Amino acid sequence: MPTRPVLRELGLNTGKKARLRRILFRHGLCNGTAFFLPYDQGLEHGPRDFFANPAASDPRFIVKLALEGGFNGIVTQIGLAEKFYWDYAGEVPLVLKLNGKTDIPADERALSPVNATVEDAVRLGADAVGYTLYVGTPAQEADFEQYRRVREDAHRLGMPLIVWAYPRGAAIEAKGGKDSFYAVDYAARTASELGADVVKVNFPHPEKRAAVPSSYDEEFTTQQAIDAVVRSANRTLVLVSGGAKLGDEAMLEKAHESMDAGATGLIFGRNVWQREHDESLRFVAALREILAKYPGESE
Amino acid sequence: MPTRPVLRELGLNTGKKARLRRILFRHGLCNGTAFFLPYDQGLEHGPRDFFANPAASDPRFIVKLALEGGFNGIVTQIGLAEKFYWDYAGEVPLVLKLNGKTDIPADERALSPVNATVEDAVRLGADAVGYTLYVGTPAQEADFEQYRRVREDAHRLGMPLIVWAYPRGAAIEAKGGKDSFYAVDYAARTASELGADVVKVNFPHPEKRAAVPSSYDEEFTTQQAIDAVVRSANRTLVLVSGGAKLGDEAMLEKAHESMDAGATGLIFGRNVWQREHDESLRFVAALREILAKYPGESE
Amino acid sequence: MPTRPVLRELGLNTGKKARLRRILFRHGLCNGTAFFLPYDQGLEHGPRDFFANPAASDPRFIVKLALEGGFNGIVTQIGLAEKFYWDYAGEVPLVLKLNGKTDIPADERALSPVNATVEDAVRLGADAVGYTLYVGTPAQEADFEQYRRVREDAHRLGMPLIVWAYPRGAAIEAKGGKDSFYAVDYAARTASELGADVVKVNFPHPEKRAAVPSSYDEEFTTQQAIDAVVRSANRTLVLVSGGAKLGDEAMLEKAHESMDAGATGLIFGRNVWQREHDESLRFVAALREILAKYPGESE
Amino acid sequence: MPTRPVLRELGLNTGKKARLRRILFRHGLCNGTAFFLPYDQGLEHGPRDFFANPAASDPRFIVKLALEGGFNGIVTQIGLAEKFYWDYAGEVPLVLKLNGKTDIPADERALSPVNATVEDAVRLGADAVGYTLYVGTPAQEADFEQYRRVREDAHRLGMPLIVWAYPRGAAIEAKGGKDSFYAVDYAARTASELGADVVKVNFPHPEKRAAVPSSYDEEFTTQQAIDAVVRSANRTLVLVSGGAKLGDEAMLEKAHESMDAGATGLIFGRNVWQREHDESLRFVAALREILAKYPGESE
Amino acid sequence: MPTRPVLRELGLNTGKKARLRRILFRHGLCNGTAFFLPYDQGLEHGPRDFFANPAASDPRFIVKLALEGGFNGIVTQIGLAEKFYWDYAGEVPLVLKLNGKTDIPADERALSPVNATVEDAVRLGADAVGYTLYVGTPAQEADFEQYRRVREDAHRLGMPLIVWAYPRGAAIEAKGGKDSFYAVDYAARTASELGADVVKVNFPHPEKRAAVPSSYDEEFTTQQAIDAVVRSANRTLVLVSGGAKLGDEAMLEKAHESMDAGATGLIFGRNVWQREHDESLRFVAALREILAKYPGESE
């Protein structure tokens, strides 16, 4: 059975270690697992994501949910961080997302432009920064370039770097799509090779085999697939994403398999807040029960 | 018979000389030859390269192989260097690969974006940096520009620069392909003219003559071809690459011919670690036996 | 009869004047004429240029030829300058070529990317820098931009700037080709207008009149053509290029006409080193005899 | 019995660890101890230090001594590093001393001005840098300021920082002098508190008690004194200095006590090279015998 | 008998080597010796130095003297270089003196402020730069700091650095004075330790023994003294200065002893130009006769 990497083995500098330890051992379940609440969909998809639960349009609703639900951190773009986090600063860790884009233009040359800096994150008291890297697009030249600067700043300032590793582009679509086992596995590895501290991946779909490289054109269980993805990430901590809202049973099953594979935690947004407040908390409680079964080594 | 260039004749500054001497005379066979273990395929090809030997997905497996096999250095991207090399720092030389890309988009305008700096390499205690230069693509303008900055930093900081000289692009495909004698010879010379200290080339195929310039459209033995390539590189040290995994006899034969031609050494990745651990070491031992026959002048 | 410009009339700053005077009056024939040995064909055409005389693949062969032949300077890219010039530093002037490219991709948007800086040239003790300007290509915007920066640096550091003024691109091909009188004349003038200190031109072919502008669609002797080219260059010193290897008589005739026209000298590469060593020296001696007939005013 | 700190516990970044491991485990006795040969006395005291053994005026004599004697490193100023180390680059580690001064003006406001940078050290392939910090002088404001910049650069570039912690100035003279137990102990702690990786101290003299603070005005053995000094340095590795040439027995006794106290090694200059070559080697062998008794944990 | 260092052993980068070779082997006697004409006394002492020979107030008089006398170079401040050297650019090497001061204030805290940059020297086509370092003054902190920047620029741009190593200040006056053997020897060593390529020293006076350190308080011949000074400079080339005008016999004797000691050459100003033109040339001829007896190894 795979084991989760422990902080002291990761070659982290002191600041990165201090902040990650704070996130993993002083928030949420305080047991080394992580449960993040991402809230950048207003930019990435637009307000349509809030129609299912209009209250979720208000960032205060989300921050309160994070506090009540015992999350290890919330993720926002700079604007919401500036306007809402000051009020809760220090109560729940902030992950400042440094790049983002609308979903209005087509995705074939997807590139997520940087709109905030690691220094902004320091200034706001954030405990990590987030960066979306689109793996496989023709724009990877510009993407790697802006990513490199973020990585350097994050290193210099001791700020953990969480990479949203998202396969994208025509070539990906032609080889099984963005959530195939092949695509997710390659994306996880890319984040690791390029120096992410934490990588957010979508749960892999081994059944999407149309035109994938032959190694992936075999029968794999979802457990085998997520095991491989976590292995590919090696010392980069893995967060598994919820993605679009699905049935609860399916989500809980994914969460179980991810933690079994050695993931460090979950990052669930729409699945959490696209429902009424109390129902959210019930779903959150179910996920926390799972995470509680995977206590990490105290460090 | 061609002779290998010796360090003191290469016009190297003190730092480059110190680091190359350390690699060539204080590691591996300590006889002036070099045997490198490259491990950036997780980025360049994706995790599928590890399916033949899943243990190789773990960078620790590779570093241990480098130590047990007596390699002169390992090559990784920044992420694995940050997370794994600290544990082995100073035991085996690190070559930090400064650029890289996924193989997801098509190769016609191949450009390998820079994702780390020479200063990163210094900070990590690396003994050399690597850069992939795609010779012959329409993107050579951007490639030369980013290469130039790497070359300047490497010079300023006394860091040896190893160029992966890879012919690529439609024009290359139309003139014999990327491993024709013509293409490899031109790539080696390009690296030399542009100031590489060491050049990694693929073994040339003189039989690939379709549409190559007339000078190359003759009968050449592989020995004649590799002799010419090393001559074209002149005072740039040559490393011959293993490429995709082939039969062992063919690889050993290539190694012999390369060293006869005056190459400084070999750089074999998949041929080494796409097999079970003990078998790897047996193959490595056979290659080391060859290198042992080509001791360099003590400097 | 046209007269050659003299240094003191050219408005040169002190460093440019010091270095040009050194080249023209302290090397070669020391009589104000110039004879340069260019050696960047390994990059521009690839190693195939050395097949006629494999010894010429070795830069040491070329530097020795420059010394024995009494040249005023050799021209190389940064890589060969770093690795070979240190050994001969100060014996023969170095012209560092700052840009260059392979001939692998098509020439229709030819642009020669910069791979070294004027500061590199200073650091290497060079006495001039070279820049290839492709006159007439659609890429001239990028070309003029990078040229401008080279010109500024050359001015700031007192480094003479030699422009390889090469007509290129589809529009040139459609109007008489790259060595028509029209094209060469226009290229010489372009270099002069853009601030070159010295311009390297191909010998003009007035007989190539297909589709040239009407002014050039007349009967001109080659002498008239080269006279006009030198006049177009005005206070930019002219070097006439040998180009691909031709018959010796033709070359000597070209040399005579060029010097009669007021050119400052010659720049012959393949015509010189694509032959056996002693034969090279005999040909060089014949060219020097011509140059000796055109002593410049002692300055 | 005190134990020596081990590298993996020191919170070193990768480059510092790589370089220290190289010094401690790949040179000298390769057992985790260190024996350095300092050679900056030509600047610090002037050539009079060479009158006892004129051969020692020649840096080549010293480098050869370092190689024959099996030292872990030599220490020089930038000038000798530039002019002599290139020849031995990579054979013996270089510690580039970044500041220094003549002993001509009086010492009352002693400040050792910086004359080289950490980047110079990187460029020269050095494995550590040295800085003299005068503890207790009225110039400590300027000293701390320039020290801070060195420390920052050393951290950024992964270069181990060795601090020559020298008590100086009128106040020190008034309280027991520069080699009292009080002064040496305070200097060791100062280096540790200010971030030195390694500290060079003089052997403490507990008998110098005139006007020292009361805590030090007790009977202490030299063993107790050096134990305390090493304890004060905690995770800063301690090198004990030889100082002016003394009797051999006294020196060997000091060496024993230092290593018993948990020092990492010795740094002996004049005691070594102010004698004839063979006698130097005999003395060095005696010191190495002592160091051999204190093997460090293999890391 | 001591031997002079040869350029190829000095670890010089290519630009420094090119420029020094040009000075030593292409000017003056072209035999590896050097004879410089310094002309910065108008700043250092004021126009009173020209009263003995008013013609010498005109820089043209001096440049012509340098040309007629066959000097290896002239030394001026930036103002005269700008206004006079352009006319002679390339005829005789220029050493641009980068700092200087008036002799109006007292010398006790002597510091010679920088008034031009290495880049100015490049722009003017100079072949070396000069810097006055006052050894032993209380201002050495500021001196070392500005010197360090000059040294770095000179290295970066490949410009030879000539240090005027002048003992100065109250402490020097108290220990034998500025031209004692002790002071000159220490100054030569300081220049060498701090990275000068060439050092200008005054001829040492071993008879000035009042209060010098005991090593120097012995009977030494002037030959022994200058031998030691050159040895202290090791791979830094030594130029011996003429100083104030003395009797010719004494000067010629000094020149002989200096060259016997392994000095590279002489730097004589007032002794040369504080006399009428023809007499100057006769004296210069006598000095050149001496230098001709010390041909250096052709490099």
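For reference, chains read A, B, C, D and E in written order, and residue numbers begin at 1 within each chain.
One rule holds for everything that comes next: contacts are C-beta pairs under 8 Å (C-beta built on N, C-alpha and C of every residue); 3 or more make two chains touch, one makes a residue touch a chain.
The chain lineup, named per UniProt: A, B, C, D, E = Fructose-bisphosphate aldolase.
Computed from a predicted model, the values in this text were never measured in an experiment.
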{"item": "Neighbouring chains shared between chain C and chain D, ordered by label", "value": "B, E"}
{"item": "Given chain A and chain E, the chains that contact each of them", "value": "B, D"}
{"item": "Residue-number overlap at the chain D/chain E interface, same or different (half cut)", "value": "different"}
{"item": "Rounded Å distance, chain A centre to chain B centre (Cα mean)", "value": "35"}
{"item": "Centre distance in Å when chain A and chain C are each reduced to the mean of their C-alpha atoms", "value": "58"}
{"item": "Centre distance in Å when chain B and chain D are each reduced to the mean of their C-alpha atoms", "value": "40"}
{"item": "Chain D residues counted as touching two or more neighbouring chains", "value": "13-14, 82, 85-86"}
{"item": "Touch-based graph of the chains, sorted into line, ring, star, complete or other", "value": "other"}
{"item": "Pairs of chains, among all present, that meet the touch criterion", "value": "A-B, A-D, B-C, B-D, B-E, C-E, D-E"}
{"item": "Chain A-facing residues of chain B, complex", "value": "40, 42-43, 46-48, 50-51, 54, 57-59, 76-80, 82-87, 100-102, 104-106, 111, 113-117, 120, 142"}
{"item": "For the chain A and chain B complex, residues of the former touching the latter", "value": "9-11, 135-138, 140-141, 143-145, 147-148, 151-152, 155, 167, 169, 171-172, 175, 182, 185-186, 188-196, 213, 215-216, 228, 231-232, 234-236"}
{"item": "Contact footprint of chain B on chain D as seen in their complex", "value": "13-22, 25-26, 81-82, 85-86, 89-91, 94, 119, 122-125, 156-158"}
{"item": "Complex interface listing, chain B residues touching chain E", "value": "11, 13-14"}
